[in-house]
Structure formats: structure tokens, C-alpha cells
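In what comes next, chain A is part of two complexes: it sits with chain B in the first one and with chain C in the second one.
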Partner chain A sequence: MAKEVFYSGCAAAAYAAKDARVEVISSYPIRPYTGIMMELSKLVANGELEAEFVLGEGEHAQVSIAYGASAAGARAYTGSSGVGVTYAMECYSPAAGGRLPCQMAIADRALDPPGDFGSEHTDVMSARDQGWIMGWAESPQEVYDNTIMYYRIGEDHRILLPQFCCQDGYFVSHIPGKMQMEDQKAVDDFLPPYNHPHTLDPTKPINHGPQIFPDQGSAINVQRAVAFDDVEAVIEEVVTDYNKAFGRNYSPFVDEYMMDDAEICFFLQGGHARTARFAVNHLRKKGIKVGVARLRFMRPFPTQAVAESLSKVKAVGVIETNTSYGGVTRGGNIAPESRAACYNLDNRPIITSFMAGLGGEIVTLNEFYAMARVLSDSVKSGKANDSYWMNFEKEVLDTHS
Partner chain B sequence: MSRFIIPKHLEVPLGACLPAPVKEQPGMITGNWRTERPVIDHEACTTCLNCFIFCPDACWHLDEKTEQMVWNADYCKGCMICVNECPANCLSTVNELEFPDGVVRLEKPF
Partner chain C sequence: MAIEVKTQTMEMAKSLRQVPQEEGYVPGHRTCQGCGPALVYKLVYKAAGLNSIFLGPTGCMYVANTSYLCAPFAGPWMHTQITNGGAVASGIEAAYQVLIRKGKYKGELPNIVVMAGDGGSIDIGLQAMSAMMYRGHDALFVMYDNESYANTGIQVSPTTPFGANTTFTPPGKAVPEGRVLFPKDAPQLVIGGHPAVHYVATASVAYPVDLINKVRKGLNYKGPSFVHLHAPCPKGWLFDASKTVSVAKLAIQTGMWVNYEWENGEYTYQHTPKEYKPVKEYMKDQYRFNHLTDAHFAKMQAFIDARLKAPGKPVAVPVQGPREQS
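Up next, the complex of A and B:
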């Protein structure tokens, strides 16, 4: 029987891993994702989950263990936060290139310096081009659902790619929310057992990651490109199946709120979408036509879906929650990709980076109101800056008063 | 339908996973990297197998018929870890120049 529970994002991820029947878990502590491993170690110790719980000596080892377990034929689960994610950077490309669909739970944490523990997406966003599937959940419920869906997407024989299943540190990982945990049998029906086309077998030895000559490299890269060509169709299929099996209402790529008649919109990923919707409700009462589009997948970047969604409005404010110093908009990474996605549109919206939620600070309602004012002004004047660093930008502070 | 055409000579197995050579890979001879080689004194050798355990390239093995350690000249890179680890001091380091088939004397060492 499905049951209603009140769980944090960490607990949701742990119970989803349990329901997905993960077989090898590799762990190393760093907050805030540690909560996931705390729950899982309890489940393993109590005998509720039959899995090998391995302690890595660091994040690099953690991902290597997941890589090995995945190659040996086990459904592997690991995770990290912040500097832990970047410490394991070397292991991401081999796992994707070797087509080993392990999963890594991410609860974001800001990178150093200094030792900031707040949520900021820069940690795992810096690994976005390594060939992993990647997307953010906005609530414990979505963390639970994504964990199960990602395994099925990644393990699909057309795809075979590892996955970053991300959630905001603290805002999602440590704030409990009401959610529904599904029946084990229903999850088993949705997610078949792990079955890789070539698992390690002593009677038929194979080499993983052999040395190659440079002219063979592009042929290996193109394999990942083929998988990423196919992955959008598989995601649509899996999300549709999941919605049907468990009565959810996820749109595969872009979750829209009041977008149909909107003139401006907030575009973002993760937990801040909830504050954004609250702000929109208030702004709508004041007669400002604003909507929210929430990106559910960063990799693959849903070019078509983003273009369709953003073409509905005249100005888009991207709440980045990540940094790309010296990047196209001198802001974050999402606005440049969104601009590129909209390049072929006849009426391209103005797309600008709002640098907010950095270092894990809360994106306040007042900041959303200020962003809406900047966007409304830009619709009138037809132009906007490439990026606005909220709370520091003269132009934004002026509109505050 | 994929938009890619993979030329025959660039076809790579999925994830570049290749059948592993069970023993030796003749396309990857590394013995010619050597400038020195370990030489064994079978009288002093206790066949403790330390050299077998420590060799990073699996170049020592015990021949069970003769009960002697056998050295693999094709793959030994001359790191001399075995010489360092031998508790019976039965291994010595000898320059390749001392041997008529020494690597340095080969016309095409690489």
C-alpha cells in the first residue's frame, strides 16, 4: 500500500533508493547530503534493505566504487555535496563513457571559499558536460519520484547513462514535506531489475576503460552523443508511465505555472520555484502578468520544450543559483543556454540572469518582486542588462525603494 | 533513427569495453622500456613469492614443475621493485648492456 509520510528530501531519497532496491551504496560524509546516507545505513543495519554499504575514503573513491559495482552488475547508489562533488570530478566522464548507469544523489552545497554550507547549484553544475543525466527536484515528493524515474531512464538499454539526481541542500534536503511513498510491488513493476548488456564475468573477461589511440576517441564520444539524442524520448516515455502508474502530474521537462497569459516569467530549477509561485500569486493580485517555468532537466537540456515555454512571454528572468564567472551573461549557466534554445524563434524574449540564491542565501519574496519590476521595465524599454546581481546591483536596488 | 553514420574502421564496442586478453597482450610489449633487469639466484631463492605479489606487471610466476621462479622478459619494465622486496636477497640488478640480447642492443627497441 502506498502511504502518506512527512519526510525531508534526504529521507525521501533514501527511501526511494530502498524502494528501487539498490544493491551497492557507497558513502562518505559531507553535509547536507549526509542525511541520505544516515537513513540508508539505518535501513541496512535494521535489515530493511539488503545492500552492500561501502565506506569510501573520499568522494573520488565513492564514485569509483559505484562505477565498479555498476560494472559488476549491481544497481549502485552514491551521493555528495559541494566540494565533495568537485573532488570526484575525474570519475564522472569514465562512468558516462563506460555507459555505467549508477546514480548519484546531490544535495547542493556552495563551493569554497570560505567554508560555506548553504545551497548553491554551482557544485554539480560544473559537472554538467560529463555525460550524466541531470535535473533538480523541488520537493521531497519529487526527490522520491525522480530517484526511481532516473534509474529507469539511465538503465534503459537505449541510454545507459549515469544520473545526478539533484535537490537543493537544506531548502529541500532538510525541510520535511508531506509526500506519498509507493507500494514496493508497484515500484518493482515500474522499475525492472538492473540488467546491463555486459557485466563483469570471470569466465568472459573484459576490459573497462582501456587505452586507445586519439583517432578512436571521437568514436567513443559519439556513442554518448547518440544516447543523448535518444534520451529526451525515453524521458517522455518514463515520465508518462510514472504519472500513469502513481497518479502524478509531472511534465517531462518544463513545469509551468500561470504561463499561458504571462508577459514575463521566472525561469529556474529546484526548490526556489515554490517561493517564485508564492510571489507570482501576490504579483497577479497586483495585475502583473507573471508566470513561473521550472526546468526539470538540465542535461539533456530540453531545447525544444524550453523554447516553446519561454516563447510565451516577452521577458524571462533566470534565477540562476549557480555561477559562471566571465560567462556569456556574466552571470550563471542557465540564461546562456536558454538564449541559445530561443535563438531560432521569430520573437525572441529578453532573457537575463538574476544572480540570486548564491552561497545558499534565501531568495526572498522582495527579491522576486524586484526582479518582476526589472522585467516589466525591460518589456517597456525593450532592453535589459545581461545579468543582475541581486542585492548588489545599483539598478535593482533603485527599484527596491 | 540516429543522425550518425559510424565508419566501419571507427566502430567501437559499447562503452569501449573490449574482450580482455586472458594472459598477454602482444600489442603492448613493454619489456623494451628497460635499462636494467632483475637476475635471480635460484640457489638462494626460497620461493616466498614476494616478487610475484609485488610485481606491478605480473612478470614473476612460480613454475610448479621445476619449483623455480620464472621471469617474463617481454613485459618487465625494470622497475626493480622485486629486488627491493626480496627477503632472501637472491635478486640482483644488472644493466641491460651486460646481456647479448639486452634492450639497448636491439636495432629497433621501440
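Up next, the complex of A and C:
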């Protein structure tokens, strides 16, 4: 039976992994994702989950163990945060290039220096070009749902790609929310057992990853690119099926709030969307036509869905929550990709980076109001800066207005 | 209900006649003439048999062995990063344990063998190797030791002997000996700190039956084992490609290499000569030592003499670290 629970994002991820019947788990402690492994270790110790709980000696090993298990025919689960995510960097490409659909839970965290526990998306955003499926949840419920959906997407034989199943550290990972956990049988019906077509099996030998010559490289790359071309269609199928099976209402790629008549919008991923919607409710009362578009997948980047959504407005404020020092907008990575997605539109909106929520700072309502001011002004003047560092530039000082 | 995990039991070979003719390491590689690691690969595969999964961390036995659509492995094989052979093997072993318990894989646990070079074992691969040993996975870690990063063009590794000329330790006016440091002791690293390990052995390409049996003994333990293999490299050590086996034999006759087993705390030694020859006899035929003086040979002799008092055990050696020497 489905049941209503009050779980943090970490607990939601752990119970989703259990319901997905993961078979090999590799752990290493780092805040804030650690809670996921603490929960899973109990489930394994109590005999509630038949799995090998492997104590990785670091994140590099965690990912290696997970993709090794995936290659041997087991559904594998791991996770990390912050510098743990970047420590494992070498292993992401072999997992994706080896077409090994293990899953890595990310509860994001600011990178050093200095040491900072706060949420920031830069850690795993640094790995966005490694060939993994990647997206953020905004609530424990969505963490639970994405964990299960991502396995079905990644394990689809048209795809066979690993997945970063991301949630904001603390804001989502550590704040409990009311959510529904689904019946095991219903999850089993939705998510068939792991069945990789090419495992390391002595009765059906394969050689995995032999050295190639440079002129063979592009042919291998193009297969990975083609697989990614198919991901969007599979995501649509899986999200539709999941909505039907469990009574959810996810749009596959961009979750819109009051976008239909909006003139300006906030564009972001993850848990800050909840504050953004709150700000929109307030601003709407003041007559400002503002909406929220929340990106559900960073990889594949849903180019068309983003263009369709952002084309509804005249100015887009991207709340980056990640850094790309020296990048196109001198802000984060989402605005440049969004601009590129809108490049072919006849009426491109103004798209600007708002550097907010860095180091785990809360993006306050006042900050959203300040961003709305800048966006409204930019609609009038027809221009905006490429980026604004919230609270550090005169246009975006938090005036508590 | 959990199904019991059954493991394979490998028979010991009394002579070469009992070694199976069946090959797991088949034609299709492009290793150098006289390649020691290729020879030991053939023997390790014969020992483990085809119900095995081999892992190949980056190194000669990855790059020179495999070419796309043409790899010399008759059984399942997977490349790993040079860093993570032990970790990927751990994941594979864990997967098989749970798949057999759940009834999803029927059959005995395959022999899981990591074939790592010296760098992939105790330099950049040390962390993953040690953790695999520590966690007690039922897998064998084979370190084929050609005493350098040979694949990338003979750069120094932690097992490169004192005095060797490598492309990172060229002898010169300021550093006449070239390689200044003495080698890391791989088996001692494993023996010293991994309570789940019951079997560690050293073997040489010069004694194939002994090598095969040590691999099998390691595989028969329901847990991790470590076998350190001496695999001379004609290209890196600069000796005639027809002399691989005789160089390996001379290493044993001079004490530069000692074959031994460590089994549940007990050491036994094999192929110990009645009297050791001077190390210079081993070193003089390898061009990598060609620049050394008698003072250098004496330094090496003193090191080996100290080590031979208790091979495989922690003993004091007459070595001054580079910061002590000024």
C-alpha cells in the first residue's frame, strides 16, 4: 500500500533506492548526502533490503564500485556531495562511455575553499559534460519519484546511461516534507529488474573498453551522442507512465508556474523554486506579471522545451546557484545554455544570470523582488547586464522593500 | 531466501604437464618481443581458467594488449582506470555475491582477477587495491611488476630499483645514479595492514608452475589475495629480448627477487639458491644500470644483503633518504 510519510530528501532517496531494489550500494561519508547512506545501511543491516553495502574508501572508489557492479549485472547506487563529487571526476566518463546505468544521488554542496557545508550546484554541474543524465528535484517527493524514474530512463536499452539524481543540500536533503511512498508491487511493475544486455559473464564473454586508435574515437562518441538524442523521448515516456501509475503531474522538462501570461520569469532548478513561487504570488498581487520556469533536466538540456517556455516572456532571470568563473555571462552555466536554446527564436527574451544562492546562502524573497525589479526595468529599456551578483551590485542590493 | 554462494576450487599442478593447454590469453596483442608481463598474463590466465573475469587497469597490459575489435582475452575482460582496478573489481565481486544469493546468476562465483602493473597496484592504484584487500572481497589482485611505467615510455615507478636509468630519472652530473630511491615493498604493504587477507605470494616468470600454483592458491581463498609477479621488461630494462626468463632467474640467484609465500602468518621460501651471486652480475647485463659505478653496486649490494636476512619481513636497510644525504 502506498503510504504518506514525512521524510527529508535524504530519507526519500534512501527509500526510493530500496523500492527500486538496488543491489550494490557504495558509500563514503560527506555532508549532506550522508543521510541517504545512513538510512540505507540500516535497511541492509535489518535485512529489509537484499543488497551489498560496500564501504568505499572515497568517492572515486564509490563510483568505480558502482559502475563495476553495473557492468556485472547488478543495479547499483551511490552518491556524494561537494568536493566528493569532484574527487570522483575521473570515473564519470568511464561509467557513461561504458554505458553502465548506475545512479548517483547528489545532495549538492559548495566546493572548497573555504570549507562550506552549504548547498550550491557547482559540484555536480562541473560534471555536466561527462555523459550522465542529470536533473534536480525540488522536494523530497520529487527526490523519491526521480530516483525511481531515473533508473527506468537510464536502464532503457535505447539509452544505457548513468544518472545524477540531484537535490539541493539541506534545503531539500535535510528539510522533511510530506510525501507519498508507493506500494512495492506498483514500483516493481513500473521498474522492471535490471537487465543490461552486455554484462561481464563468463558464459557470454565480452571485452569492455579496449584501447582504440584516434581515428576510431569519433565513431564511439557519436554513439553516445545518439543515445543522448533518444533520452528526451524516453524521459517523456517514463514521466507519462509514472504520472499515470502514481497520480503525479510532472511535466517532463520544464515545470511552469504562472507562465502563460507572464512578462518576466525566474528560471532555475531545484528547491529555490519553492521560494520563487512564493515571491511570484506576492508580486502578482502587486500587478507584476511574473512566472517561474523550473528546469527538471540539465542533461539532456531540453532545448526545445526551454525555448518554448522562455519564449513566453520578455525577460528571464536565471537564478544560477552555480558558478562559471570567466564564463559567457561571467555568471553561471544555465544562462549561457538558455540563451543558446533561444538563439533561433524570432523574439528572443533578455536572459541574464543572477548569481544567488551561492555557498548555500538562502535566496530570500527580497532578492527575488530585487531580481523582478531588474527584469521589469530591462523589459522597459530593452537591455540588461549579462550577470548580477546579488547583494554586491547596486541594481540588486537587497533593500528589504 | 538467500542461495549459498559456491566458489571454485582450483587444483594444484605438480608439473608443467598438468598445466592446461587451454589458453585464456590468446593471440591478438601487440606486446614487445620478450615481454615479461605478457608471459605472466598467459600463465595467470591458464591458472585461473575461463570461468574468470579479468580486469585490466591502464598500463602495458591494457594498451599493448587491446586494440578495438582485437583483444587477446578469451573470457570477459574489462578495462579499468589505472587508479581503480581494486574498486571496480570490488563492485563486480559484490554484484556477483548478491546476484547469486538472489538466484539471478546460476553457477559458481567466477574467479575475479585484477591484472595491474606496479603503478596501478602500489602507486596511483594503491588506495583502491588496499581497500579491496581490506574489505575482504573474494578476488585476486595480481601485480605484474616490470619496475616502471613502461607503457608511457619507461618512467620511474615505486618499484624501480635504485640506480635505474628511466626517462624520469636520467643519470646526469648532479644525479649520477639516476634513480635515487629504493623500491617500495609491495607484499609487505598488503601483509602488514589487511586483516582479511590470508595469502600473499611472490612468483617469477622464471618458475611457471610455481607461479600458476600461487595464483590458484590465492584464488582458492574465499577472500582477497595478492600475488606479486616479477616480469622483466626488455624494452625498459634494456636487455636482449631473448633473455627475459634468464634475467628473471638471475634476479633470484642474486637475491634481487625472492620467491615466497605468506599464508596465514607463515612464510615459506622457494627457489632459494645455496649461495647468492653478487647483484652486479644481474645489473651489469641491463643497460638501465650501465652508468653505475662500483660504489653504486656496493650500495645496492648492502641493501639486498640486509633484505635477505628476512625476505618479505620488515627489516632495517642501510638506506639514507635524499634529505639525509646532504
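In this section, the second predicted complex is superposed on the first by the 396 of 401 C-alpha atoms of A that agree within 3 Å, B and C clash if a C-alpha of one lies under 4 Å from a C-alpha of the other, contacts with A are read in each partner's own complex, and residues count from 1 in each chain.
By definition in this document, contacts are C-beta pairs under 8 Å (C-beta built on N, C-alpha and C of every residue); 3 or more make two chains touch, one makes a residue touch a chain.
Note that this is a predicted model, so its numbers are computed, not measured.
Asker: When the two structures are superposed on chain A, do chain B and chain C clash or fit side by side?
Answerer: By the criteria stated at the top, chain C and chain B clash after superposition.
Asker: When both complexes are superposed, which of chain B and chain C contacts more residues belonging to chain A?
Answerer: Of the two chains, more chain A residues are contacted by C.
Asker: Just chain B (first), just chain C (second), both, or neither: which does A:Ile65 touch?
Answerer: So A:Ile65 only meets chain C here.
Asker: Please work out whether A:Ala76 is in contact with chain B alone, chain C alone, both, or neither, and reply first, second, both or neither.
Answerer: second
Asker: Kindly classify A:Cys91 by the partners it touches after superposition: chain B alone (first), chain C alone (second), both, or neither?
Answerer: second
Asker: Looking at A:Arg31, would you say it contacts chain B, chain C, both, or neither? Reply first, second, both or neither.
Answerer: The answer is neither, since A:Arg31 touches no partner chain.
Asker: Should A:Leu55 be classified as contacting the first partner (chain B), the second (chain C), both, or neither?
Answerer: second
Asker: With both complexes superposed on chain A, which partner does A:Glu23 reach: first (chain B), second (chain C), both or neither?
Answerer: A:Glu23 sits against chain C, while chain B stays out of touch.
Asker: Would you check which partner chain A:Gln216 touches, where first means chain B only, second means chain C only, and both and neither mean what they say?
Answerer: A:Gln216 contacts both chain B and chain C.
Asker: For A:Ile206, select first, second, both or neither according to whether it touches chain B, chain C, the two together, or no partner.
Answerer: both
Asker: Tell me which of 26-34, 98-106, 170-178 or 296-304 in chain C produces the clash with chain B after alignment on chain A.
Answerer: 26-34
Asker: Overlap the chain B and chain C contact sets on chain A and report the shared residues.
Answerer: In chain A, positions 98, 204-210, 212, 216 sit in both the chain B and chain C interfaces.
Asker: Mind pulling up the chain A residues that touch chain B in the complex?
Answerer: Interface residues on the chain A side: 97-100, 160, 197-198, 204-210, 212, 215-216, 218-220, 222-223, 225-226, 229-230.
Asker: Applying the document's contact rule, which stretches of chain B touch chain A when the two form their complex?
Answerer: Residue list for chain B touching chain A: 2-4, 6, 10-12, 14-20, 22.
Asker: So in the complex, the part of chain A that touches chain C is made up of which residues?
Answerer: Interface residues on the chain A side: 23-24, 26, 50-52, 54-58, 60-61, 64-74, 76, 90-91, 94, 98, 193, 200-213, 216.
Asker: Which stretch or stretches of chain C touch chain A in the complex?
Answerer: Interface residues on chain C, with respect to chain A: 2, 50-53, 62-63, 66-71, 73-81, 83-84, 86-92, 94-99, 101-102, 104-105, 107, 110, 127-128, 130-131, 134-135.
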